[in-house]
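Structures for review follow.
Each of the next two complexes has chain A plus one other chain: chain B in the first, chain C in the second.
After this line comes the complex of A and B, so read on.
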């Protein structure tokens, strides 16, 4: 007797875009999974056409509320690539410090407000905060320290306006950095406890054989960089991205699946960065990872939560290291002449590699724009993880399976639709 | 309480249509003459958790955001968020799942609430990626900013009324 079960998880009105998960089970085996959580930023690609190259950071910053710095940095680096300018030295240092602030803010929000409740069986962070107020308060204080970096260097309370192609509108003096430095040193110490806390969470047994993809740099744990590597032999210039990666329209929805040409799905984000660049972490971060129970290699996506905590610690550590060697650059930005050219860049957003490419005319106006967010690139990998998750969980009660699916999706810290009850379960049996 | 800080926070994303309603209200208020104690803040798409760090215990806060509840476009909701929990059918839109309602619930749990917290929620209709407000939302923005302007002026010229709603 054939038993077919369909699980369809419908979008909620509370999320932007649609979050859809459809699972079909035939005779006790998963026969189909369809998954989509993100719309590609086509509106912004269209909006950018006709604008001057200088406007790109301000427009792209509005693509994502939690990672505007990532979008701005990929944008300005792509423009600089097109116009033949290299921003190095102290200006690059400041960019790295600013980006550390964003990693801190984004990761802490995800770890404590969105993901940790899953591991401890709470429906949301509010319930977790009732039982663990000190943990949540500390997380918010650390998050505020990250916000202080962005406010200080980015120039505005919530939304950075100080970033421009070529550098910044204003750069601080060494003395102005002093109070921030004190805050970051405190925060660095306080984060050690947070890393340890994540290491003690209960983790499902789950292993996937990922192809990890991340930026690579000769000396730095990657935030910006010129090379893109994987654990299966990929080693290319970032400018060659489109020759190796392809976006495929999925027939059943407007979702895009990003693939490594000739190979298939891949994973980008903290777990990929960690696996490919462990040796580039600071000694403090490496030790904390070890103490939290992480090996230099980790293929359990649920342990991404520990990796994010390690990256927060690294970001504080790195920001302190950079600020201590800072000397005020002059001028605050490099100048450049517009020209007809194409430029591209990749930076490591909190969620993974963010690719942008711009084609400019001879006045520096944008003719075409291409933006590939990390969540879009991970979409296919999430679907594969869900396949394994459902296959392992066929004997679980429906509620527990739903919860495990949500937790699996949240391993990727996906942009758009990560609310507590992200997936509403509809069961159809035939 | 004399000379408290009055904080008007508009939340939203102007590139997602009616989701920009909160920002539009704050921008309308920037053109008005307001008492010096009033601070205006455009919190563009910030995650809810960041909201908690914007106010102090002695702040009087008015938060303005767009919502999706199924009501007619341009409907204006007003809540004293310290007197009652926000209705569950009100969906404050958020790209990262930690929006205004979650932030307020957390503020309560952690006792990080301001002295006063009024929430204005404007019902949006079209949240797809584009710039511009629906006509009904545009009207609601004008009505809301007028009300807030009057209320805030009253707050700053007399002692805090027993109920926040006395200001209209």
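After this line comes the complex of A and C, so read on.
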């Protein structure tokens, strides 16, 4: 006797972009899992060809409305790498402050509006707000504080206008930063409570033996950096990324899957950054993690919600530290001469490492472009978590299992709109 | 006893970056009030609760770029009393409309190893090319204050107020010195629809056209002025070929400079 059960979640909700999950259980065993991306491809790598190097930050920002700063920062750094320019000092400091703003708004959106309702059994944050008005109101205030950084430095929250290859169009004075600094100090203190709050959520007992991959910097918790490391001995220059990672199209999936050549799937994002760089978090963030019950090593993806809260706290703390030592740079951007060259860069988007590579002609126009977003890199790991989650939950009532599967996907904060590497795939089912 | 009708809101996504619907969640100060004035009935990015139509107001983000989406938008129209498009993708085809007029198979092969799995249209087109649209809100991304104005207007049965004049008017209103006149910085402001609040010039940068063409734009004259200021023909073609590349005045001007773009004048 054969009993087949199929679970279908269509569409997946509270994720950025559109996806579908399909699970097939045959005679009490998981026989198939498909995490389908139904996002139409937009062909950024094709349409970037022929454009000037300095247009890349504005065009690539449009890949994702939730993490445009990540796309812009990887783009400008890849161009600077190609053109042999190093942006350092106060200009690099401003980039880091701007990036902190994006971590804050993106993480808080996910923690309180997309992820927390899962743990407490609400369909969304608006319903959660009816029972927990103070929690949701405070979260929105904190999210706004993160967006204030982006609006101040970038001009607007979504698709900032002030980022350019070499630096910025306009840089603020110290005095202009003063009101923002007050807001950020308040927000930093208020986030301590948020970290505590995430620590007391009910977490499923789930552990995965991940290979964590993140950027590495000798002194900073990584946002920008030149080296890529893992907990299994990977330690390479970011420019060697393509020699160690491969994207492949697999028949059972709807997205290109990234693998570490010879090793398989890996995890990038908050959990990876935290596990590999705990020592570089500020003392305040380390203490808050400890107080929330988080060990320096954490392999439970459901607890990524605490890690995100710790990173929000760190980002506020770091933004305050950086702004306090800020001196207005002059000029606001380094100038550079176009040349035929190839450059690449990785930065830590809220969801994980974001790789870009450009080949330029002697006028500085793009000949080829390659963009590997974090969600594409995590695809394989999401599916591996899902296999384990369903195998563990076969005895659960169907609704509960369904919910657990959705939660497993949301652990990754998947940003499906980063559509550069997603595709639509039709599968024949017998 | 008469019970008050709570309007049902739906938010739909087509080919896009998510930024315009994110603007709704970025209304940090107004979101909870909005959720109590409206029944947020279908908003998969924000809620697991998906209530069936019909809907009083549908906000549509993104462009039509696949055969599936060309059908889906018809269902959305049927289920919606008012349909409002939000953002440059939904009103002009978006940056992905740069594929229009190009060899789509070649585009696919640049990105994907197995092109046979990809099912897309050769064009990315605005929603209004497929179904009747009640109102189009411009911008890449949209301005969240304008979004609130649109929602409020439809709830009260009036037309939204979103001026169709140029970005220049917004610069004058906020007292920004003209970057083109004072510094010789090429700026698309004179032909670009208002709505962003003239952000770029206040950051010492020329406008790059996120909100698409204003009413009656004199793109011909502005293109000539850019050349006088030292821009190459290729650069003029590029600036018209961005997020609103397929909006007609920008498309025409882009094409004019695309031809013979190697010439300096």
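Basically, the second predicted complex is superposed on the first by the 393 of 430 C-alpha atoms of A that agree within 3 Å, B and C clash if a C-alpha of one lies under 4 Å from a C-alpha of the other, contacts with A are read in each partner's own complex, and residues count from 1 in each chain.
Just so it is clear, contacts are C-beta pairs under 8 Å (C-beta built on N, C-alpha and C of every residue); 3 or more make two chains touch, one makes a residue touch a chain.
Keep in mind the model is a prediction, meaning the values are calculated, not measured.
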- Item | Which partner reaches more residues of chain A (counting touched residues only), chain B or chain C | C
- Give one of first, second, both or neither to describe whether A:246 is in contact with chain B, with chain C, with both, or with none. neither
- Please work out whether A:169 is in contact with chain B alone, chain C alone, both, or neither, and reply first, second, both or neither. second
- Message: Output check: A:232 vs chain B and chain C. Expected answer is one of first, second, both, neither. What do you get?
- Response: neither
- Dual-contact residues of chain A, meaning touching chain B and chain C, are 13-16, 39, 41-44, 47, 62-66, 105, 109, 113-114, 124-126, 129, 133, 136-137, 140, 143-144, 147, 157-159, 415, 417, 419-420
- Note on the structure: The residues of chain A that touch chain B in their complex are 13-16, 39, 41-44, 47, 62-66, 105, 109-110, 113-114, 124-126, 129-130, 133, 136-137, 140, 143-144, 147, 157-159, 415-420, 422
- Item | Residue ranges of chain A touching chain C (in the complex, touch as defined) | 11-18, 39-47, 49, 51-52, 55, 58-59, 62-66, 68, 105, 109, 113-114, 117, 123-127, 129, 133, 136-137, 140-141, 143-144, 147, 155-159, 161-162, 168-170, 248-249, 256, 332, 406, 415, 417, 419-421, 423-426
- Interface residues, chain C side, partner chain A - complex: 13-20, 22-23, 25-26, 28-29, 31-32, 35, 40, 43-50, 65-66, 68-69, 94-96, 98-99, 106-108, 110-114, 117-120, 124, 140-141, 196, 199-200, 202-205, 208, 210, 235, 238, 242-243
- Mind listing the chain B positions that touch chain A in their complex? 13-16, 19, 41-47, 49-50, 52-54, 68, 91, 93-99, 102, 105-106, 109-110, 127, 129-131
